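Take a look at the structures listed below.
Consider the two complexes below, in which chain A is the common component and chain B and chain C are the respective partners.
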Partner chain A sequence: MRLLYRKANALYVPALVLFAGLVVYPFLDGIRISFTNWNGYSQDYAFIGVQNLKRLVDDDNVRTAFTNTLLYGFGSTLLQQLAGLGCAVLLDKPFRGRTVARTILYLPVLISAVIMAYMWSYLFEYDGALNDIVGLVGGERVLWLSSGALAVPLLIVVNTLQYMGVSMVIYMAGLQSIPGMYYEAAGLDGASRWQLFRHVTVPLLYPAFVTSITVNLIGGLKLFDIIRALTNGGPGYKTHSLSTLIYSSYFESQLAGFASAIGLLLFVTVLCCALAAQAVFRRLEVTLS
Partner chain B sequence: MNRPWRSLVAVMICLVQVVPLYITVMVALKPQTDLSSYWAWPEQPAPGNFAQAIEDGHLVRAGLNTFVITAVSTLLVVILGAMAAYPLARHRSRLNAVVNTFILSILMIPALSLLVPLYVIFVKTQAISTYHGIILTHVTFNLPLSIFMYANFIRSIPRELDEAAVLDGCSIYSVFFRVILPLLKPVTVSVVLLTAGAVWNDFQYSLYFLQKPAMQVLTLSIASFFGISGSDPHVAAAGALLAIAPMILVYLVLQKYFVKGMIDGALKG
Partner chain C sequence: MTEMTRIYPIAIVGLWIALARPASADEELTVALNFPQSDATFTEMKKLAQAYEKETPGVSINVVSLPSYENTMKTKMAARDLPDLWSTHGWSVARYSEYLTPLGGEPWASKVNPLIKPVITDNTGKIFVLPLDVDVAGIAFNREILDKAGVDPLAIKTWDDFRAACDKVKKLKKICVHIAGRATDSWTVGNFYDWVAPSFLITNEKANSRAALKAGSFDWKNWRPVAKLLVDFRDAGYLNPDYMQGNWLDVGKKLASGDAAFGFFGNYVIGEAKKYNPKGKYGFIPLPAASTDDTPSVITGERVTLGVWKDTKHKATALKFLLFMSRPDNVNKIATINGNPTGLVGTGYKSDEGDLAPYFREAIRARAFSYFDREYLPSGMWDAMCNTGMGLLANTMTLDQVVAKMKNDYDSLKSR
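And then the complex of A and B:
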């Protein structure tokens, strides 16, 4: 049987060919391009050594985009856990309208993020829906997205609302997998509601935390659609993430070599954050249980 | 015990999620001359916005493109994913452990980090603005997750089944195609919904690789409504609603499976 199964290895060859052609080869080629001054279309270009990499460190726009990427990644991960876990706990017990609520709360996950973000833009316009409310209570109209200071947190909120359904569903499944008798047993021992949550729910929900945080973190660090729709990186370069900066460096500024270098930075950032998260999880697993 | 309280909180959270949809419906129903607040009901509904959106955004063409790309990509992800998962789930060897890790690590690679070199390949092979270019991209980046979901599922199928089929004279390939493949229906539902949802809603890859107007998908059509300054926001809103309607309908019918698919995918994501 073992020999037969080894023959079956041929079945993954088509997948590996695709990965080789569209992931491995471009990845290596990307490293090569990032050492050039290529503009993206011309036939001639030169190898310029580590200039692009040096520029990654010196360039203010890259620094802003890098900081924003971390803010988008960790900010939305944090908010999504709070919102997702909150909604999951809320929906865990039956009440009137529970099914409808679950349907609505998960709905945005299935709607294209970029279209959803365009729909949010009606709220953030100068004459938009949010400023109508501000006006109604007698406030000054707010520049929601065009001042920069508010834009990054608002993008995090929009991203959170878009994808909090993901965490909600993961936590709901986690909550349902906890046997009710654990609560009964702890209740008989006189545990308070907080103690039940801290010593029964949290440790048993641990795998759900790991899954949800990992999925949200990688998603948030890659954020592109929502930024592109709501601010396009502006005002100036204030809301760019590394993803949107790659796009604009390549297609708008014709700096293919530099864009490729930012691509490497994005790759390393996601990789390091994911590995760091794994390391934290491993340590927490010991302390929590 | 505290149920009214739960309902109240749930209603409030749901309202936040529904507001952008509500506002978009209001904007879509108003004519350009209606300058009232976005919150207000339209005095005279203007259904013409929808017809205008279909015409200006070439939504029928974009919808067909989206459908073809989604259907073909999903089909390929299902077939190639199930095939690749079978040996990985059944045959433990050092080679397969490496292949497994390699595929898992692709899940983490941000698409954008490969934008420049991928674009170069597509220009060289004249695959920009073609069906096969975008479909191969979608298949490549959706395959890893499907391989994992299939491998997990196949591990739960008893090996005795394979052995019995082999004793009956099946080759290992017909064991897979005739015995295992038909058993994969439950997880296939999850894979199909996850993949189709990701491809249907995709914006990034389509933005780079589908540049001819004739090849536009729905997300690109809608983005071009909103991206051009001075275009009619009411028509844009109508277009956005039309573009998301199919997905919402499918979701309402297959809700249970979408949620299950999401969980199946996340557990090994």
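And then the complex of A and C:
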């Protein structure tokens, strides 16, 4: 039996080797690089101690990117849950054209984020459709993505519209799995639609919440392609997330050491958010049960 | 024979057929260019490569346009997996020299155009590229708009003269300076600063920051007037209203359509304009001075260059290909396409400057300085120039923040 277990354990080895080579080694090497002044391509570089980590604290752009990362993560997640759940509830009951509606709402998920961003960029253009609509109602044309105050919320909206289909599908599956007898019983006790939703649907959708929020939160926190395609972190660093700032620092500013330090910050941020989310889910699970 | 023992040989033969390749040339060289495949320079380089292949059986030259050229090349340098030859787009000394073969001993090295020699020579006297042309850049303009506005472009000597010219152009309800500053294409804003920075910091023989910038002791508060110029142009209404949109190709279109008067780009923007309006009248002027005790200047630098990877397995063949490219006919073709002087001089070397010839004569009279960011800033500062400029245009950064960011990046990169 012991021999059988040893043989079975040996089957882990290829996966462990891949994990070590593709995850652990790059992670540790990234930490090493964050203590150097490497420019990303030269064979020569020097150890500079904690200068890059100190710069994380002093640099305004890192603070902006960190704030934006949280906004993209939590902002997109919140909107995706509201939109996804709303669409799932509306599409739960059969009606003529329901399949077409589901398909249309899910389609953006299948489109590459870069293509989605390029499509939106035409809408946001100075001479684009959005400004045409603004003009029709008597307003002045707006440089939509050229204002820091507008650009971040617009990126959250674009990300939400791209991926709310994921939440919708998760919630649809969750709704389908709720036995009808709970609604019947509650209905017999005189529960209103809102009470049915609040006291039957929501608690029984808990597993779907956990899945959807986790998936969307991770996606939002590491948002990269939509930002890169729409604003490239601009105007003037205002819409950078930590992911895009890593790319910009490494390839464009040739500060590979500093980029690695930002990568560490991103890792810690995502880890803390994931742990916090888990703690909240555990507490909710206790409350609901 | 079981099914499996019948299938195995068939599968092996099938795999062999699928993987079999036609017999390849004895040697294959890769030449990486930073020009898109639609660019005239790329097309001409491909033709020249094919001509070399006809002349040299057994050698195949694969001319490629790498996506996101600079980032791809940086990755390749880090991986020590470089093409046999590549174009260095202004960075042969400051960025790529660590990986390039010194070429000072080549037969064509003594013919390098004096205009570009200082730019491609490192501080030990080595050169690392064959320059096929020389970028001589000033401010490109649409002559017809300036004529209608009553502006003599060659009379523009200072930024005050330039502003006066813009005021006249504005009266015609034309765009004075077309900036295509989409955030994803912000190099156009960086280009503006590359054009204007020398007049404030470099060209004045009585007061300049050349030594301070090279020594790393530059006071970045002196960047303020440079950074502010674009904002002043915006506030004076000289820029196109959609200055945060578009890309540099729009500048060529606007020059061609007679909507924009000036473009802060090299003469390649005139080449772009001619695609849309070949009969249009265009020109370029030296860059104005920032004060009356200084004179206008032009920018010179690398445009089309080729270097050889120092670790290529095909060094001898690569150097022979460079020798082929250095022939007068071939150099002349590349230089003429870009409307630039040839990178090599001597018997037989002459590009057809076309209707830009009078402006080149004027340009040669002006003093020439290298591209500001390539000569005076450490490699990697270009991004800061672009993004801080975008931040000022979008009012998301103050001048103090711009100065702080430029200083921060400069100090980090200079300390390497």
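Following the convention adopted for this analysis, the second predicted complex is superposed on the first by the 283 of 289 C-alpha atoms of A that agree within 3 Å, B and C clash if a C-alpha of one lies under 4 Å from a C-alpha of the other, contacts with A are read in each partner's own complex, and residues count from 1 in each chain.
Everything below uses one rule, namely that a residue touches a chain if its C-beta (ideal position, glycine included) is under 8 Å from a C-beta of that chain, and two chains touch if they have at least 3 such contacts.
Not measured: the values here are computed from a predicted model.
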Tell me the contact category for A:A229 with respect to chain B and chain C: first, second, both or neither. both
A:T67 contacts which: chain B (first), chain C (second), both, neither? neither
Per residue count on chain A, the busier partner among chain B and chain C is B
According to the stated criteria, A:L143 is in contact with first (chain B), second (chain C), both, or neither; which is it? second
Classify the contacts of A:G40 with the two partner chains as first (chain B alone), second (chain C alone), both, or neither. both
In the overlaid three-chain picture, which partner chain does A:S192 touch, first (chain B) or second (chain C), both, or neither? neither
Partner chain in contact with A:L221 - chain B first, chain C second, else both or neither: first
Which partner chains sit in contact with A:S177 here, chain B, chain C, both or neither? Use first/second/both/neither. neither
Just to be sure I follow: which residues of chain A are touched by chain B in one complex and then by chain C in the other one? 40, 121, 228-229
For the chain B and chain A complex, residues of the former touching the latter: 3, 6-7, 9-11, 13-14, 16-21, 23-24, 27, 37-39, 80-81, 83-84, 86-88, 90-91, 93, 95-96, 99, 102-103, 106, 108-121, 136-137, 139-140, 143, 147, 159, 162-163, 166, 172-173, 176, 197, 200-204, 207-208, 218-219, 222-223, 226, 233, 236-237, 240, 243-244, 247-248, 251-252, 255, 258-259, 262-263, 266-267, 269
So, in the complex, the side of chain C touching chain A is made of residues 70-71, 73-75, 77-78, 80, 95, 98, 183-184, 186, 241-242, 244-245, 379-384, 387-388, 390-397, 401, 404-405, 408-409, 412-413, 415-416
In the complex, the residues of chain A that touch chain B are 1-2, 4-12, 14-16, 18-19, 21-23, 25-27, 29-30, 33, 40, 87, 90-91, 93, 95-98, 100-101, 103-116, 118-123, 128-129, 132-133, 161, 166, 169-170, 173, 211-212, 214-215, 218, 221-222, 224-225, 228-229, 242-243, 246-247, 250, 256, 259-260, 263-264, 266-267, 270-271, 274
Write out the stretch or stretches of chain A touching chain C in their complex. 37, 39-46, 48, 55, 59-61, 121, 125-127, 143, 145-148, 228-238, 248, 251-255, 258
